[in-house]
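Below are structures written as structure tokens.
Each of the next two complexes has subunit A plus one other chain: subunit B in the first, subunit C in the second.
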Partner chain A sequence: MSVVVRKYIPLAIVAVLGFFMIFSYPLDNAVTTAASSSLGKWVIILSSFALGLGAINMFLIHGKRVTTRETGRWQYSLSLLGSLVIVALLGFTTGVDSDTYAFLYDILIGAGRLTFVSLRGFFVFSAFYRAYRARTWEGGVMLAGTILVMMYQVPIAELFFPQLNVFTKWLLDVPFVAGNRAIAVIGGIAMVIMAFRIITGIDKSWMGGSD
Partner chain B sequence: MSFLERIPRRIAFLILALIVVIPLVRPFPVMVPISDHTRNYYDTIDSLEPGSVVLVGANVGTRDLEMYPQLVATFKQLKSKDAKIIIYNFSPGAAMGAIWLFEDSGYTDLTYGEDYVHLGFVPGEDSALSAFALDMVSTKQVDHYGNPTASMALFEDVNSIEDIDLVIASGGGTPGPDNWARIISIPYGTLSLVAVPGAFAARQYDYIALGVWQGGLIAQRGAVEYESLTGFAGRATSMYAPLLLSSIVLLLMMIAGNVVFWLNSRTREG
Partner chain C sequence: MTGVQKMFFIEGRGALFFFMIAVYAVTYAVSEWAKKGKTWELRKLAPIDAISEGIGRAVELGRPVHFSAGVDRAGPGDPDRSHAYPMLRYVAMNCAQRNCRLITTVGKADVYAVIDQIVREAAIDAGKPEWYNPEDTRFLGEDQFVYAAGVMGILAREKVATNLMFGYHRGSLINMLEAGRMVGALQIGGMARMTGELGFMALGCDYFLVLEELVAAAAYISQDPGQLGTVATQDYIKFFLIAVIALGALLITGGIEVLVNLVNW
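Our next item is the complex of A and B:
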């Protein structure tokens, strides 16, 4: 494949569409709105294909593990592929809203997720008691903040120490929001820079190469 | 003293297990003060006109004790206000949860396609949501069950975000409420609410403070407060005592652990 097809055409498509999407926002007329809406629909179609591609990729990676009997891993890969096939077949044959499919989803994924979250509660409980120590003054401030916010959320403070709650609410409304907003703004600026680097072709890592 | 500083993990697990089990065996009522953001959430829905159209980004895949009861109670209040619901899912698992939500809130007693629509999973995250906001019917041409959206009564007068009276963004992680805020609520200024699990609440306090969300249900406590306001007491309320007790004991153990650590440090230094 020539370098033009492999490199320059994808870069040109990204640049043209990227700049179009940026400028269609402030232009806000019927033509650009319709065009950007169409591009959005393309994403839905491409994302649907990506789901199928993901399933094929799973078969390639885990199928290889099963066929080569990779030590300590092939059993898990087999169960993964088995589950994938059974759930997909059931979905295709009985429909995704059938009682059988719903039952399988509920007892496997639903119960599994809730079990995982519940178990996490035990680890958090143990870790908080055994490891959350104010070893430095910064750690002490963090611990004090944790205790205050927990008392606010539980809500012990609201019931027994209303004055303390006023301070905790200020902590959440002012320093917490300010810090969070600063992180969001920095993240936003980083996204703009990243988008600019991709659209202008400075960053080509999405093509599988390096900068 | 040093034993108290590092109680073995098994004992910590046993303590938590006991704390969780006791209120399950002998349930007791818990009074929770109503937060401002929960009250605003309730008031926003309460102020809807009959026939209002509500777009719900429901990312609930399990019958958990946080988002699921939040949304069941929300749907019940929406039903009491004769509101019409359109559900949009960011994940395939959430499409299953949406069916349960309609069933458990009583929406299935109403007319499908006219009073409520389940659009199902829409791949494409931000780009898809952005296109959907501009042109709903042509972006999502069939619903979760394969019915054409163009032939549904609900979509006769509704085809863009401008026709939506209220947006409710629910879910944890990405894609989730952040996407709804970024793509819908901020650029279009649509009246919006949020319902999130505790682990993903941090960012939402900021959006509530900014007024992006008019109100919000945060974690199981939010669900309990909201169930209390609506009068639709559900699983969140009945299962709040174990959470409350374990949180109090965790708080006490955390303080005790640090006091013991501090005393032991002084002994070691002395």
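Our next item is the complex of A and C:
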């Protein structure tokens, strides 16, 4: 494949569409608004095609495990591929709003989701216990701030330490918001710069190569 | 001026249009300046050095490295993905050079081809095309919990030595990080968005990069003058905005609304 097809054409597409999308945001023009809205729909359509690519990757990896009877794994791969085929077929034939499809979704995905959400509670505690230790003075400040905010959430603290809650509310309303906004502004600048780097081709890592 | 605003711009976005043009002009100029030889001192980023150490650790232990590029789409408004690409290329090249197995997981099908291509080309650029194994770039599922279950399984079964979590993650991030902790993996992460999950990243990772650090990190690992110049631009814009905010605060305290009106033009 020539370098023009491999590098310059994708770069030109990204540059034209990237700058168009950025500068159509502030413009009050029916043509640019309609075009940017259409481009947004293209993303959804292209993503749907890409989902097929993901399914092919799953079939290649798990299909190989099943055909080679990989010890201790092929059964799981078979159940995954079976579920994938059954859910896809049901979705295509009965539609995603059908009762059968909804039932399958609830027992397969819904139950799994709830398991994960409940697990998260335990994981947050174990991570919190490890991270929040007053080894340094910065760690001590963070720990003290966290205890204050936690106390602020329980009504009994309001009863016994009303003045402390006034201080905690000020902490949340003023320094916390100010810090958050500063980080958001800096993050915003970083995004603008990163977008420029990609659109102009200064950063080509998304194409796989550096040159 | 108001007539021009109404004729061409959506209300309140006119100033943004000119600000964006100014930012891009400055970024381009500084980037060109850097290409002509201007250099800036970039502070050392500990997480980037830790990535190299983590790969070395994986080689010594004979265990793989896991790279997650997050669970978000490649579309507009997804800055995390953009930061994850250069990081993945750097990790893949390092792993290929040191013959360390790299398992890359993908949570969105639309970026699978891009991720796979980055790993494949990194292997070729490292001079080890035979290192690339298509089965180690895996699409796990679009749902965040399905993806997390897949990652947790990989971390436990493969006994991953180093777990790299870049890109945007949702609430299930803490599940994956704790699974990594259970197998004793060195964990390095990064996120470019100000969300609640940033706290999980801080809790669960040994090292992590946040927001603008990710942009700087991408330039840091490439050592490309053009990219390093854009990092300097970030700082120039930051200083300019600090001055504008300070001036705005002073003016509005004095009852003068010129700057507020200009920003909202």
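In the analysis below, the second predicted complex is superposed on the first by the 180 of 211 C-alpha atoms of A that agree within 3 Å, B and C clash if a C-alpha of one lies under 4 Å from a C-alpha of the other, contacts with A are read in each partner's own complex, and residues count from 1 in each chain.
Going forward, a residue touches a chain if its C-beta (ideal position, glycine included) is under 8 Å from a C-beta of that chain, and two chains touch if they have at least 3 such contacts.
Everything quoted here is computed from the prediction, not taken from an experiment.
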Which partner does A:173 reach: the first (subunit B), the second (subunit C), both, or neither?
first
Output check: A:153 vs subunit B and subunit C. Expected answer is one of first, second, both, neither. What do you get?
first
According to the stated criteria, A:185 is in contact with first (subunit B), second (subunit C), both, or neither; which is it?
second
Which of subunit B and subunit C A:53 touches, first, second, both or neither
second
Between subunit B and subunit C, whom does A:28 touch in the aligned arrangement: first, second, both, or neither?
second
State whether A:206 touches subunit B only (first), subunit C only (second), both chains, or neither.
second
Is A:64 in contact with subunit B, with subunit C, with both, or with neither (first, second, both, neither)?
second
Could you look at A:196 and tell me whether it touches subunit B, subunit C, both or neither (first, second, both, neither)?
second
Output check: A:141 vs subunit B and subunit C. Expected answer is one of first, second, both, neither. What do you get?
neither
Kindly list the residues of subunit A that each of subunit B and subunit C touches, one partner per complex.
40, 43, 46-47, 50-51, 109, 113, 117, 126, 128, 130, 180, 184
Interface with subunit C, subunit A side, in the complex: residues 21-23, 25-29, 40, 43, 46-47, 50-55, 57-58, 60-61, 64, 109, 112-113, 116-117, 119-120, 123-124, 126-128, 130-131, 180, 183-187, 189-198, 200, 202-203, 205-210
Sort out for me which residues of subunit A touch subunit B in the complex.
33, 36-41, 43-44, 46-48, 50-51, 96-97, 102, 105-106, 109-110, 113-114, 117, 121-122, 125-126, 128-130, 132-134, 143, 146-147, 150-151, 153-156, 158-159, 172-173, 176-177, 180-181, 184
Touching residues of subunit C toward subunit A in the complex: what are they?
6-10, 13-14, 16-17, 20, 23-24, 27-28, 31, 73, 75-76, 79, 82-83, 85-86, 88-89, 106, 108-114, 117-118, 120-122, 125, 134-135, 137-139, 142-143, 145-146, 148-149, 171-172, 174-175, 177-178, 181, 192-194, 200, 202-204, 210-212, 214-215, 218, 222, 224, 226-227, 230-231, 233-234, 237-238, 241
Residues on subunit B engaged by subunit A in the complex (per definition of touch)
6-7, 9, 12-13, 16-17, 31-33, 61-64, 93, 95-96, 99, 122-125, 127-128, 130-132, 134-135, 138-139, 144-145, 198, 202-203, 205-206, 209, 219, 221, 244, 246-248, 250-251, 253-255, 257-258, 261-262
